[in-house]
Amino acid sequence: MDQPISKAELEAILEKYRAFYTDGRPASYIPALGLADPSITGISICLNDGDEIHAGSFCFNFTIQSISKVLALICVLSDYGMDYVSQKVGLEPTREAFNSLLLLELDNGPALFNPLSNPGAMVVTSLLRGSSEDKLQQLLNLAEKLAGRSGVIWDEEVYRSEKLTGYRNKAAVNLLKEQGTIEGDPEEVLDLYFRQCSIKLNCKDLARIACVIGLDGVDPKTGERLFPREAARNIRTIMATYGMYNQSGSFALKIGLPSKSGVAGGIMSVVPKKMGIAVYNASVNKIGNSLVGLKILEHLSRELDLSIY
Amino acid sequence: MDQPISKAELEAILEKYRAFYTDGRPASYIPALGLADPSITGISICLNDGDEIHAGSFCFNFTIQSISKVLALICVLSDYGMDYVSQKVGLEPTREAFNSLLLLELDNGPALFNPLSNPGAMVVTSLLRGSSEDKLQQLLNLAEKLAGRSGVIWDEEVYRSEKLTGYRNKAAVNLLKEQGTIEGDPEEVLDLYFRQCSIKLNCKDLARIACVIGLDGVDPKTGERLFPREAARNIRTIMATYGMYNQSGSFALKIGLPSKSGVAGGIMSVVPKKMGIAVYNASVNKIGNSLVGLKILEHLSRELDLSIY
Amino acid sequence: MDQPISKAELEAILEKYRAFYTDGRPASYIPALGLADPSITGISICLNDGDEIHAGSFCFNFTIQSISKVLALICVLSDYGMDYVSQKVGLEPTREAFNSLLLLELDNGPALFNPLSNPGAMVVTSLLRGSSEDKLQQLLNLAEKLAGRSGVIWDEEVYRSEKLTGYRNKAAVNLLKEQGTIEGDPEEVLDLYFRQCSIKLNCKDLARIACVIGLDGVDPKTGERLFPREAARNIRTIMATYGMYNQSGSFALKIGLPSKSGVAGGIMSVVPKKMGIAVYNASVNKIGNSLVGLKILEHLSRELDLSIY
Amino acid sequence: MDQPISKAELEAILEKYRAFYTDGRPASYIPALGLADPSITGISICLNDGDEIHAGSFCFNFTIQSISKVLALICVLSDYGMDYVSQKVGLEPTREAFNSLLLLELDNGPALFNPLSNPGAMVVTSLLRGSSEDKLQQLLNLAEKLAGRSGVIWDEEVYRSEKLTGYRNKAAVNLLKEQGTIEGDPEEVLDLYFRQCSIKLNCKDLARIACVIGLDGVDPKTGERLFPREAARNIRTIMATYGMYNQSGSFALKIGLPSKSGVAGGIMSVVPKKMGIAVYNASVNKIGNSLVGLKILEHLSRELDLSIY
């Protein structure tokens, strides 16, 4: 396709909005994340023909955190299909924060959590096939396949930092175990969840992954099918309704793209059939979304008329 | 545009799914609605050139109930814009039922309700300009303008029935008054809300209204702008995220169209840029959505590949 | 019995604590109450032989507000017994505020409210026998009988002020109606509730009423039975566990007497078998309990070793 | 004091009510408890002069479970006093179940839990002085001192069973850690909590402990002060308002004694100044209170007129 924007324009946009990082700061509830340099910013766009446009530190690797929920969901939807998965997770968006356990108290019978909330994502992780090691390897393999490169790793230090202080997530996984939603050892599920969150990718990778999701699971360069069409649509839909935590409603109004953010500062957005976009800046708002990322995506969506609504 | 479906095909679809009305029944919490004949079914499609395709009882008039929330929101967004309105209502979807007051207890400071929930819709109604009579007239005028016909009326009997038994809505409006979200007399707001819910339209009307919303506020026949472009996109977005109450998430996955249902059995769906669809059957599920309507929309979305996601 | 305290000592206590009224202020959510003079303070003690000790403005009449819930409960328990009443109200204390409606959302099936919470008290009021006028007359008659005097009236102005602004109570009564806990017209129940709250008594009256409750329903002077023994014990128990709203737990620890407060500033406390105590000062804390009243009761309970625990 | 009841009468009461065990069953959420023989029943009364009356299997040792919360609270109140402790725990009763985490979601700032709820008790346990081993030893020493015997042990098997399956308690302790209410390692606090719950005592022991609490901390035989007077009153008060979980309100009405139950089937009740009572039968209702125990205590309270209210 024709390039919707030039590299120079993208660099100008990055310059225009990068200063907004001073309105927030790196997430500190995981100590290792708090050390991030909030002046680093990157943008990548991957077009449906595989062409790429970049600006800033687009090769800077960061932990993808909650963006990993999308990878796990692709695996599980590919293996089991939506009908099975929807018996284990909830499909309705919720206005509670991403780590709310309120549902576990209010519901009768087992509470079903959105697969992009923390507890719902733990359920998805628990459904991955094989041993704990196999499961992590599956996610790394998928990341490499979608990003079109090898050498994807996870960050041991961030993993350890999160494991040490993730009391709330530990509470969540134990409640899920108690209500019978996950099988096996909850500590093992949690450990894997922390590992998947610490997978490291960069904007270039994430833009390409978003592009594949927008192309119904097909590689933009080779045309190879990487995962089922149906899984792609389901994932776009779930990203649209709850991908930005409890800012998903206003994000839909302002930006209108199926997206997923991670608390380390990454956001990946899907423009169905057309392109994938990824932005990174470590400074996040109270909800856990990158401030600079929100600004840049709002600009791009408005100027290029990208909203799906 | 080319007709995506023939009248004969539409009639066949109606025949295929109409029997599902036996899985539910007309809403009985408003006594007058409980008397509806659940065998009556209608479908209308209005294409972006104004052409129409119909099947069944598409001219049967029914009270639009919650679909009226969209009309009120169009008025208010046209008058004030999203920035102002979003100070009074909430933009995040919620998994609570349409009439939940839970937020009023859990939030600190005034709770903000989605404009397509009952309490949020009352706030929108309270923002309409003029006297109570003016406000209702505005909504009737807008309905006529968008439906492209005159003679739209409201149903006195359904209004009285709802007013007599709407204890929960009465609770809601009083709580909104207490927290300072609405001005003026809460009883007056509630009375107007009950009146707007009892406006009577048919599938032909609603398909045309949905079509205008999908065309960014422009009349499909005349090309005349009927309301601002920005309001149209905002309304489509809000319909996509909370238009089907707490079934909005699974509706997005299965059907994927900005839609609004009414508890009397109507559903109107927007296919952006392409068409408006309306279905009617009085038999609703526990959440308040027409069962036959859901089946027909799922079929159409799948066969015609309509999902926006 | 021997006087546990002299009039001079009581006056000294009043002087010692009266200045605490500056830490709060008269309840303003009922506008008419906001006008009260917070420097007026009264104390009365009524001993089990009918002897009385007073200090300050003990004859100053004020609206009893929530203390009226005790009168209504005595009537209803005398008429129906605890077994019947406990099908309509809840017996567990709650940490929610006196006007919380949270239970109505969280419970499955009809929520049962403590009879000393606002919604629970409305249920009790709805159970009074006869017409609306009969019901109010019963409460006035009971107040006169227990206080041992005639001429008890209710305050039209406070009633009107509360009726005009009682949005939250209006919400409550409508939700109770919706869930089927009250019969008849909810507006009528609410109107009666507002009237009973505006009954005017003074410390002398309330101390005597508390004394009768402590004597199992028997008049301290005449020995006449005024209401059933069983009702008296039940009321003392309910007062002990929820009589001071969501300050009941810390009140039990510091003071340890079955008590009931009203938001206009009155508190009546029962020392079983021994005496009734009433204090009045219009300045209340955020929970709605008289600040000076709490201080004086804490002093008396500690010095005279009155706690039942 | 004169014996209020003979051994023969007590045995007759036990026979009268023991069959009620068939209405419930041993708690099964801790697998080891589910194996208890629900036909074993015991009662003990310890009078204020140290005389004892027994019936049934009063020497049968069982794990005291939540009754251990009282022992820990005595230690902590003796060491720090109520003012300090009340900064860490909540004093208001709650209608939520003993293991509810709802407060952690609804409150702003750290939630404070009643010291007789599970999360509140974990906070109390975390406040015990010394190493983990010291802490457990303190509780065992206190149990021996109050029970007037040596050789108190804890049950390794029940401890292991609870540790293996206590997912909800694990969630609770992690949430407490996250909100900063407990210091140190949450796993260690939880481990100690499970150990204290598995301390084994019998009815004879518990009746004597209850008697000491009713005598303001003084040994009924020797007159020796075993813990401070103030702690005793505080504990009686907290037992009265929340000792029977969310059945505390109806327990107060029917029985009216400061009491504490354990899910293994024990209940200990204090008759202030007069006696301690303990009953045991493993069959519990849904709330976790011994069914036979409730029946026997209701009979004794009514016949001997024991209610404090």
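Here are a few things to note about the model shown:
For reference, chains read A, B, C and D in written order, and residue numbers begin at 1 within each chain.
Keep this in mind: a contact is a pair of C-beta atoms (placed from the backbone, for glycine too) under 8 Å apart; a residue touches a chain by one contact, two chains touch by 3 or more.
On a predicted model such as this, the values are computed, not experimentally measured, just so you know.
Under the contact definition, subunit A and subunit B share no contacting chain.
Of all the chains, the one whose CA centre sits at the greatest distance from that of subunit C is A. Subunit A and subunit D, compared by their mean Cα positions, are separated by 48 Å.
Centre-to-centre spacing of subunit B and subunit D amounts to 56 Å, using the average Cα coordinate of each chain.
Averaging C-alpha coordinates per chain places the centre of subunit C 33 Å away from that of subunit D. With touch defined as above, residues shared between interfaces to two or more other chains in subunit C number as follows: 106. Considering their complex, residues 82, 86, 90-95, 103, 114, 233-234, 236-238, 240-242, 246-250, 252-253, 256, 258, 272, 307-309 of subunit C touch subunit D. Across the interface of their complex, subunit C is touched by residues 100-102, 104-106, 167-168, 170-172, 174-175, 177-178, 186 of subunit B.
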